[in-house]
C-alpha cells in the first residue's frame, strides 16, 4: 500500500526510463580506446562504468588500471562521449529498436 | 583517490533516470558535484531546470538519494541557513548544506537571501548553475543573460534587431566582494578543476562558499547535444567565462587563458547569438577583454596584498 | 506541579506587550529564532537579542535581512525538527507572505507573534489587525489576545498547540500594535521550571530533512495528492479546535489563569444582546457591558480568541436565541462593506434556525481609540436594531481640523 | 481607579515615568497600565502618556480622557497642548515650574496644584534638563497614590542613585497647594 504522509514527502527513488529516449547509441571500439576515462568524465547520465582490469598498451604490453564500458540502461544517446573521445574510439549508431 | 577514481567509484547520488534534456551539462554537473559531496548532504533545488526534471522527485518519491527539497525560487540561501541553524541546535556540524540553484533563483529573485547569508556568514555551500536565463520555463531572460542574446522575453525581430539590451551581471565578482571565505567559477568542460573547487568549498567551516558554474543550455541556446561540453569549453577558452577563485577577496585565476580564441568562435556555437552583426560581436569581445583585464588586475592586487 | 506550586514560583513584573511576547518565547525554549525589526514589533527583537547577548536564551539567533528571510530560515530550521520562533507586523508580514503560506502547507509548527498594524496606504505605523486577518486563509492557526498577560500565556500555549500530533501547524498569537505592544501593565511571569513542566520538547517525524533518514521534501505533486494534503491540513485545523481548548484548560489548571479557550463569553448567561470583539478593545467592551447591565440592559460580550480554526459551534451555542448582536471590527473587508470578523460570525450563525438582527461596526482603524463612549453607542444601536444590517456603521469620535 | 495624564517633550522620559508609576503601584500589589500616546517620538515634540491605577485588574486599554491628575513635565507644553482638557473637577495638577504653587494661574477645574522647579533641580544634580525623575517625586508628594520608596527603587534600577536622590529631593521641594474651590 502506498505510504501516507501528513506533509509532502518523498521516499524511494523516482526514475524515468531515459534509455527509451535514445535514437542513437554509442559504440566503443576497444582497439582504439586507451582507457583515458574522458567518456566517463563527461557522460551526463553516468552511463559509462569503470572497473579495474588489464589495460592494453600501444606497445602490446598491459598494465593494471581502470577500464571503461558503456551501460546503455539510461543512455539518452546525446553523443557527448563520441564527440569528446580523444581517440575517436566511440561512434554513434542508429538505435535499431525503433 | 585520483579524480578518475572518485568519478568512477563514488556513488551517483541522483536518480539514474531524470528528465533533463539529452546531453544536458547541468545534469553532468549535478551528478559530479553530488558524487563529491556524498550522502551526508542536504541539498536544495529551487524551481528551475533541475527541479523541473525530477531531482526533488514526483508525488511520494524522491529524485535523489540524500535529503533534497524545493526551496522557493527566492529563498534558497535563507532556507539553507535555517537548516544549518537547526543542525547547529542539535550539535550536528558535519552535514553538507548545499544549494544547487539556477541563475534565476540566484542572481535575480534569490539575490537578497544569498547576499544576506553571505554577509552573516551562514555556513552553506551555494552552487549556481548559470545557463543564462529561465531555461526550464521556455528560455526567458535573467540578469545573467548575455547582452544581445535571444530569449523568449528578449525576442529578435524579422530584421535581426532585438535581443537582450543589457550586459550580463558579473555575479562571481559580486559574490567575491562579499568577502566570503570561498568563491569560485567552474565549468563542466573542466571537471578536475570543478571537483577540486567543490572539495575546497566543502572544507569551508566559517561562512558561505559559493561556486558559479557556466552551463550552456542546449535547448534554450540552440546547441546540438553532442556539442554540450565543447560549447562550455569555448566559453572558457575565449575568456568569456574565466575560471578563477577567491578567498576573502584574494583573487586567483585558476586557468590562465594566454591565447584566447575570439569570442566570435564561442558565440557561433549558439543560435541565440545568430542575429548579431559584427559591431555587436565586437562589443561582446570588448566586454570580455575588459572583464578579463579587471580580473588580472584584481589578481595582481591580491598577490601584492 | 499544582496550580499553587506554579503560582508560587512566578514573579510579578510590569511590562509592555512586546516584552510579554519575548518572555513567552524565551520561557518556551525555542531552538532557532530569526527575526527582523518592524514598528511596532521592533522591541520584541531587541529584547530577544538582549536575552541572547546576556546568555539567558540558549538558541541559534539570526539577525536577518528581511521578514522574507526570517520566515524562510525558520522553514528550513523547522524541517530539521527544531522549535522555532519569530515575530512581525504589517508590511513585514506582507513581505513574508510567500514563505508564510508555505510554512503551513509544509505543516511546520512555527510560532509567530503578530503585532497587529494597519496596512499602508495611507502611510501609518499604528494598530489594526488588517495585516493578519487578510492572511486568515493561509493555513496558519491564529489566536487574538486582549492584554499583556494573555500575550505571554498564549505564546507559551501556542508552542504546545502547534506541536500537538493532531495539529502540526504554525500558529500566530496576534496582539494590537501600540495598544498592547507599547502599553505596560502588571504581568505575572511563570518560572522556567513550571513552563518546562507544561511544555515538552519538540520532536518531529512527520516531515524531516535528515541524512540519517533520507527523503525528499516537497516533490512535484499532482492534483490528486495535493487535494489529499489539503484535506489533511483542513482536518488538522479542525482538530486544533479541541487541542486549543485542551491546552488552554491544562494551562489554566496549572497557572490559574483562564482566558476562555476558543471564545470567551462575558455576562452572556442571561443576555439578549451581545457585542462581539477581538483583541485589545475587549476590555473597554467589558466595562461598557457592566455599565449597561447596571442600567438594566441585558447585554453581554463574546470575545473571539481563535479566528483560525473558527469556533463555529461555540459561537452558535453562545449566540443562539439572542435578539441582536453587533461585531466591532478594527479592520475592513473590501467588497463586503463590513469588517472581516463580522463576515465570519454571520456565516457561522447561518446554521441557526433564526436570523438574529445584527450590525457590523468598524472602528479604531489606524490606531484610533475605540473609546468607552463609542462602545456605548454600539451597544445602544444593537439594542435598538431589529434588522440584518449589511453596511458597516463607522464608530469614530469627531476630529474637526485635527 | 485613578487616571493620570502626563505631558512632556520627547527626550524627557515622559513614557518611562508613566511606567514607573505603574511599577510603584504593582509593588504594593495593585494594578496599573501605562499607555504612551502613539505618535512619532522625536526630541522636543510634545509627548503624552496615560496611566491608570487601581486595586483590581484594569480592563480599558484606551486613552485617558478624564484624568484625576495631570503631570506637566515642561511648563511650555501648555502653549502647544490643552493639558487640562477633560480633567475631572477638583483634579490634581503637578507642574514643573519655578513659580510658587499658590501663584499659578490655573483653570478652575484644578483643585490641587503642586509645583516644583524640576528643571533647576535636574540641571544642578544631573547637568541636564531631564525632568521625569524629579516630577515623579512631585507626583508622589501631591497625590500619595504610590509609595515614594517604590518609585525611588525603580528609578535607581533604571538610572542610578543620583536620579533616586533627585526623586527624594524633588519630593521634599514640592509645594502642594489646595485651592479654595468656592
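Letters A, B, C and D mark the chains in the order given here, with residues in each chain numbered from 1 onward.
Please note the rule applied: a residue touches a chain if its C-beta (ideal position, glycine included) is under 8 Å from a C-beta of that chain, and two chains touch if they have at least 3 such contacts.
Here the structure is a predicted model, which is why all the values come from computation and not from measurement.
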- Query: Whole-Å distance, chain B centre to chain D centre, using C-alpha means?
  - Reply: 64
- Message: Centroid of chain A to centroid of chain B, CA atoms only: how many Å?
- Response: 24
- From the C-alpha centre of chain A to that of chain D, how far is it in Å? 85
- Query: When the C-alpha atoms of chain B and chain C are each averaged to a single point, how far apart are the two points in Å?
  - Reply: 44
- Item | Junction residues of chain D - those touching two or more other chains | none
- Task: List, in ascending order, every residue of chain B touching at least 2 other chains.
- Result: 54, 56-65
- Multi-chain contacts in chain A, i.e. residues touching at least two other chains, fall at 5, 9-11, 14
- Query: Taking chains as nodes and touches as edges, what kind of graph is this: line, ring, star, complete or other?
  - Reply: other
- Message: Strictly by the criterion at the top, what is the full list of touching chain pairs?
- Response: A-B, A-C, B-C, C-D
- Message: Applying the document's contact rule, which stretches of chain C touch chain A when the two form their complex?
- Response: 105-107, 168, 206-207, 214-219, 221, 225, 229, 232, 236
- chain D contact footprint on chain C (complex, rising order): 12-14, 125-127, 147, 176, 178-180, 182-186, 280-281, 283-284, 286-287, 367, 369-372
- Message: So in the complex, the part of chain C that touches chain B is made up of which residues?
- Response: 31-32, 34, 59-60, 62-66, 68-69, 72-82, 84, 98-99, 102, 209-211, 213-222, 225
- Task: Report the residues of chain D in contact with chain C in the complex, numbered from low to high.
- Result: 18-19, 22-23, 26, 31-36, 38, 40, 57-63, 65
- Query: Can you list the chain B residues touching chain A in their complex?
  - Reply: 4-5, 7-9, 12, 15-20, 22-25, 27-28, 31, 54, 56-65, 188, 191, 225-230
